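Below, each structure is written out as structure tokens.
Shared chain: chain A. Partners: chain B in the first complex, chain C in the second.
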Partner chain A sequence: MRPLTPPARNPYWRFLVAGFRGQSAYPLATLAGLVANATFGVLKGSIMGAAVESSGGELAGYTAGSMAAFVWLGQGLLGSVNLWGGSDLQTRIKSGDVAVDFLRPVSVQASHVLTDVGKGLFGLLPRGLPSVLIGVAIGGMVLPSDPSAYALGLISLLLGIAISHACIYAVGTAGFWLVESRGVAVFYMSFSGLFAGLYTPIYLFPDWLLTLALLTPFPSMMQLPVDVLSGQVTGAGAWQHLGVQALWLAIVLAVGHLTTRAGRRRLEVQGG
Partner chain B sequence: MGEPEAGSPARGRQTLRAYRAVVASRARSQASHRASFRMDLVGALFVGLIEFGEIWVLYSATDQIGGFTLAQIMLVFGLSDLAFSLADLVAGHCDNLPVYVRAGTLDVFFLRPQPVLAQLVTSDLSLRRIGRCLVGATSLTVGLVLNDIDWTVGTVGLLVLALACGFVIFTAQFVTAAGLQFFLVNGAEMTNAFVYGGRYAATQPPSVWPRSLLVVFGVIFPVAFAAFLPVSTLLGAPGVAGLPGWLGWCAPVAALWAVGVAALSWRWGLRHYRGAGG
Partner chain C sequence: MNVIETEGLTRVFTGRPERGNRLRRSRHVAVDDLDLTVEAGESVGYIGANGAGKSTTIKMLVGILVPTSGTVTTMGLHPLKQRRVLARRIGVVFGQRSQLWWDLPVRESFSILAAIHSLTAADERARTAELVEMLEMGEFLATPVRQLSLGQRMRAEVAAALLHRPDLVILDEPTIGLDVLSKQRLREFLVAQRREHGTTLLLTTHDMGDVERLCDRVLVVDHGRLAFDGTLDGLARTVGARRELVVDLAAASPDLVDVDGAEHVRSDSGGLRQRLAFDPQRTTAARVLAAISERAEVLDLSIEEPDIEDVVREIYRATR
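Take a look at the complex of A and B:
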């Protein structure tokens, strides 16, 4: 048996750290993202607030304060989860660079997913926290008083970020068969935002659409973490959310693993 | 026969012919990859449908928001989405400016005897964006059928005016954003706040906005004039409290202002540009 490497020298730990640190190199880009995020947040917050108000102060279990929490936590997560469908893997398959990845003595799946998770975790600092602060300061967002909401919320958040990037990786492997998988990314993007709860809470959907959404991993990326983190769902409900997320993480990782193995045999690098 | 003088009608016609030739060649090249083109068209249509889906979900869950029902907001969404999609078709490619600046390919544009902005606009015409126009047009049509509209010459005039002005406003915002890109480069995403944020804002009733949003999207980036204000004039619906009902007729003023801002931003940005040093 191989001896365990200390974390600082473990290659997978280094991928996570590299992703985290890589993002910190572009402060202007980060600020720009925050400005765009906040503008959308104010727009979304006012229309959702008005929707709650016109329904007599409560809409699908949301009050004005918890709806604001939904809006701003969701905006804060946007820098950490990937809902637009494009990925590094997709670009590297198209250019043929992925052949080099396969030569390295590390798992292609683990290195890509961990780098992206590292980027996502960094996103919480310059985009996640400020969004929450803006939400509390001007959005009328209510923070949960129960400390367990924060503890469970944090786990749910990490699971959500991991699911998002593991799923994007699995979708990116479609490139082994298609080479140009931009079309796939476009379809992914159109569904992911709606079903993740980026625009409205999924509980506002008519029943058939809600059922359809719950059959996909998308709610686990944003709606469920936001539910737990905002204290909208507590106790047994929160644990159930975590269980659903753990299941989806296992599924998308397994799919990514299988498609990588099958795709590796299909891979055809064009050109010299 | 000598070269027609700059600014003369003959010169203008010649330039126009050159643009037409460039745009037509881009269109032909895209339509020739049939499978990929069809998938792109369907994809764009799909994204538009999902965007309408958000509005449908929200307005179905409540009776009205900001005094507007689903049928009424369909008019607003249809008008603004159609105007935005047309603007995106013509000027959406301005979004790629930071890529050209970073790669140094923009320098080539300065060597050719055509305005840089015109080259940027024609450098890629994304025909797939036509798919988007269909969603807006359909929503607008259904909205016109569902609402009780008093059809007069004025009604038609107001609709045409709103669509034309909306198109000009959104196109101007793409150009304003492009001008700012010369300064931002890595911070390109900042302009999304008013270009795509503006598209989102244009589908909302400003009656729900706080004062700060009214200033940003009613005055500075006047997207409220692209659809909501003309529609509330058309329907005689409650617009924004404290503002007159005929405000929808003022869309051309907003469009002129947007064009002025765009011209300033573009000139300023172009003067700031010093090349990538290639």
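Take a look at the complex of A and C:
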């Protein structure tokens, strides 16, 4: 049997850590992100709170407390999932720096996705946790009492972060064909936020729109982890959420793998 | 063993023109039917004008660009299909691109690269220490890459590419933008690496000094085709790679036309500054200077090497 490689000698672990540490180099930007998160959280919280109140204290299964949890957990996730569509891969294809990635004896997809997941995990500390604290302190957010919500929620959260970055990577591979793929990112952004449950819970959508949303990976990035973390969905429902997420992770990773393989042959490294 | 072997290597870029009929695709042959062989241990300078096809060739050699036609094997491997195996055996520096982690200390980049290349912890320590000493990187090892000067970053880039002791090192413009001292240090390092490890070296450059100090074989490429393949001496014979001795004299003097082994090129400031060309194969700067000193008092002097652009232009002129 091959002895296990210690983490420090595993390149993929190192990519994850490099992403985490690289992100910590910009404390001021992180603080600005938190302030923006909190500001919009207060706005969103009061609008959604009013919506729950006007429909008699319950809306699509949400109470005032669980709606606040939806809002503040979602805000907290914003620093960790990527809903805006741009990626390092996209800029590196455009500048030609992606050549360096292909000159390493590792999977280009895994190195990019893990670096971004590392950045996303860092985001939980200065943006995720404070958002939850603000939500509890001033937003009227209710924390789940069942410990399994935290355990399953954590797994769901990690899956959501991984799906988001694996999906963004797959989208970024469009650059192999287009070079300038900002249009693709804008197109992505116009659906991602809505279907991820950034603005309202997707359960408020009319049936046809909800069905459409559930046919995309976006709910798995934010809505489902928030459902599980907040204790809004528990037991078998929570496990079902995790299953759906695992499926989406497999799908977006497979797509990214195939587009990398096909796109590589089309790559024309830019800029000499 | 042949480290690099290409046969009929061709790359055509197609694209839509910026102006004119945008429906008709433009066609640009960047590398044209190139046959190339580099043996283990050689040190090859790959030179040519901008757009001559140097970088395109290198990209195909390392597997980041698909040839339109022809074959290429590097280290006996298929660069596209065996990308990861090949990546363990070659080190590449693109002067304009960084392989280091922008936000992390230099030391951390080396350590991640060591993990990528499966170096053991002990090997990583030893090799890093060796490179740090030879390239004098001790003072900026803890500095984030984004805060390095260009000279420091280039040394770190070269170290990063050589960390895993690759058999073949490909350097694309490694000394671009460096000052004289940094260039010198880098060249000495590369010479030492070749001597100790028998590393094969392929480099593109715009600096004749790189070629003269590092390469024992020169390839000149023109419009994607080889215009010259031979030794540096052969190149000098073909184009007369002469140097120019520029002397500032104490008093205006008539043109120094009768200096042995040197040819008067030009006089400026009424004869106060004169330029004499000589062939370093036939005479030395010292001898030329001595001959001038017999005729006039020399206050200051400098020696100018031929521009690589001039050499390339001469080759192009001779072969077209």
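In this section, the second predicted complex is superposed on the first by the 266 of 272 C-alpha atoms of A that agree within 3 Å, B and C clash if a C-alpha of one lies under 4 Å from a C-alpha of the other, contacts with A are read in each partner's own complex, and residues count from 1 in each chain.
Basically, a contact is a pair of C-beta atoms (placed from the backbone, for glycine too) under 8 Å apart; a residue touches a chain by one contact, two chains touch by 3 or more.
Given the structure is predicted, the values throughout are model-derived calculations rather than measurements.
Novice: After lining both complexes up on chain A, report clash or fit for chain B versus chain C.
Specialist: Overlaying the two structures gives chain B and chain C room side by side.
Novice: After the superposition on chain A, what is the angle at the C-alpha centre of chain A formed with the C-alpha centres of chain B and chain C, rounded to the nearest 10 degrees?
Specialist: With chain A as the vertex, chain B and chain C sit 90 degrees apart.
Novice: Once the shared chain is lined up, is A:Ile47 touching chain B (first), chain C (second), both, or neither of them?
Specialist: Only chain B; A:Ile47 stays clear of chain C.
Novice: Answer with first, second, both or neither: which of chain B and chain C does A:Ala60 touch in the superposed model?
Specialist: In the superposed model, A:Ala60 contacts chain B only, not chain C.
Novice: Of the two partner chains, chain B (first) and chain C (second), which one does A:Leu267 touch, if any: first, second, both, or neither?
Specialist: After superposing on A, A:Leu267 lies in contact with chain C but is clear of chain B.
Novice: Based on the superposed arrangement, let me know which partner A:Gly22 touches: chain B (first), chain C (second), both, or neither?
Specialist: The answer is second: A:Gly22 touches chain C but not chain B.
Novice: In the superposed arrangement, which partner chain does A:Pro11 touch: chain B (first), chain C (second), both, or neither?
Specialist: It touches chain C, and chain B stays clear.
Novice: May I ask you to decide whether A:Ala137 touches chain B, chain C, both, or neither, giving the answer as first, second, both or neither?
Specialist: Neither partner.
Novice: Is A:Gly193 contacted by the first partner chain B, the second partner chain C, both or neither?
Specialist: After superposing on A, A:Gly193 lies in contact with chain B but is clear of chain C.
Novice: Contact-wise, after the overlay, does A:Pro105 reach chain B, chain C, both or neither (first, second, both, neither)?
Specialist: So A:Pro105 only meets chain C here.
Novice: Chain B to chain C: minimum CA distance in the overlay, Å?
Specialist: Minimum over all C-alpha pairs: 10 Å.
Novice: Where on chain A do the contacts with chain B and the contacts with chain C coincide?
Specialist: In chain A, positions 26 sit in both the chain B and chain C interfaces.
Novice: Mind listing the chain C positions that touch chain A in their complex?
Specialist: It comes out as residues 13, 55, 59, 62-66, 80, 83-85, 87-88, 90, 92, 94, 96-99, 101-104, 108, 111-112, 115-118, 120-121, 144, 172.
Novice: Please name which positions on chain A make contact with chain B in the complex.
Specialist: 26, 28-29, 31-33, 35-36, 38-40, 42-43, 46-51, 54-55, 59-60, 180, 183, 186-187, 189-191, 193-194, 199-200, 204-206, 209
Novice: Taking the complex as given, what residues does chain B use to touch chain A?
Specialist: Against chain A, the touching part of chain B is residues 36, 39-40, 43-44, 46-47, 49-50, 53-54, 57-58, 60-66, 184, 186-190, 192-194, 196-197, 200-201, 204-205, 208-210, 212-213, 216.
Novice: Provide the residue numbers of chain A that touch chain C in the complex, in ascending order.
Specialist: Chain A residues touching chain C: 8-11, 13-15, 18, 21-23, 25-26, 95-97, 99-100, 102-106, 264-269, 271-272.
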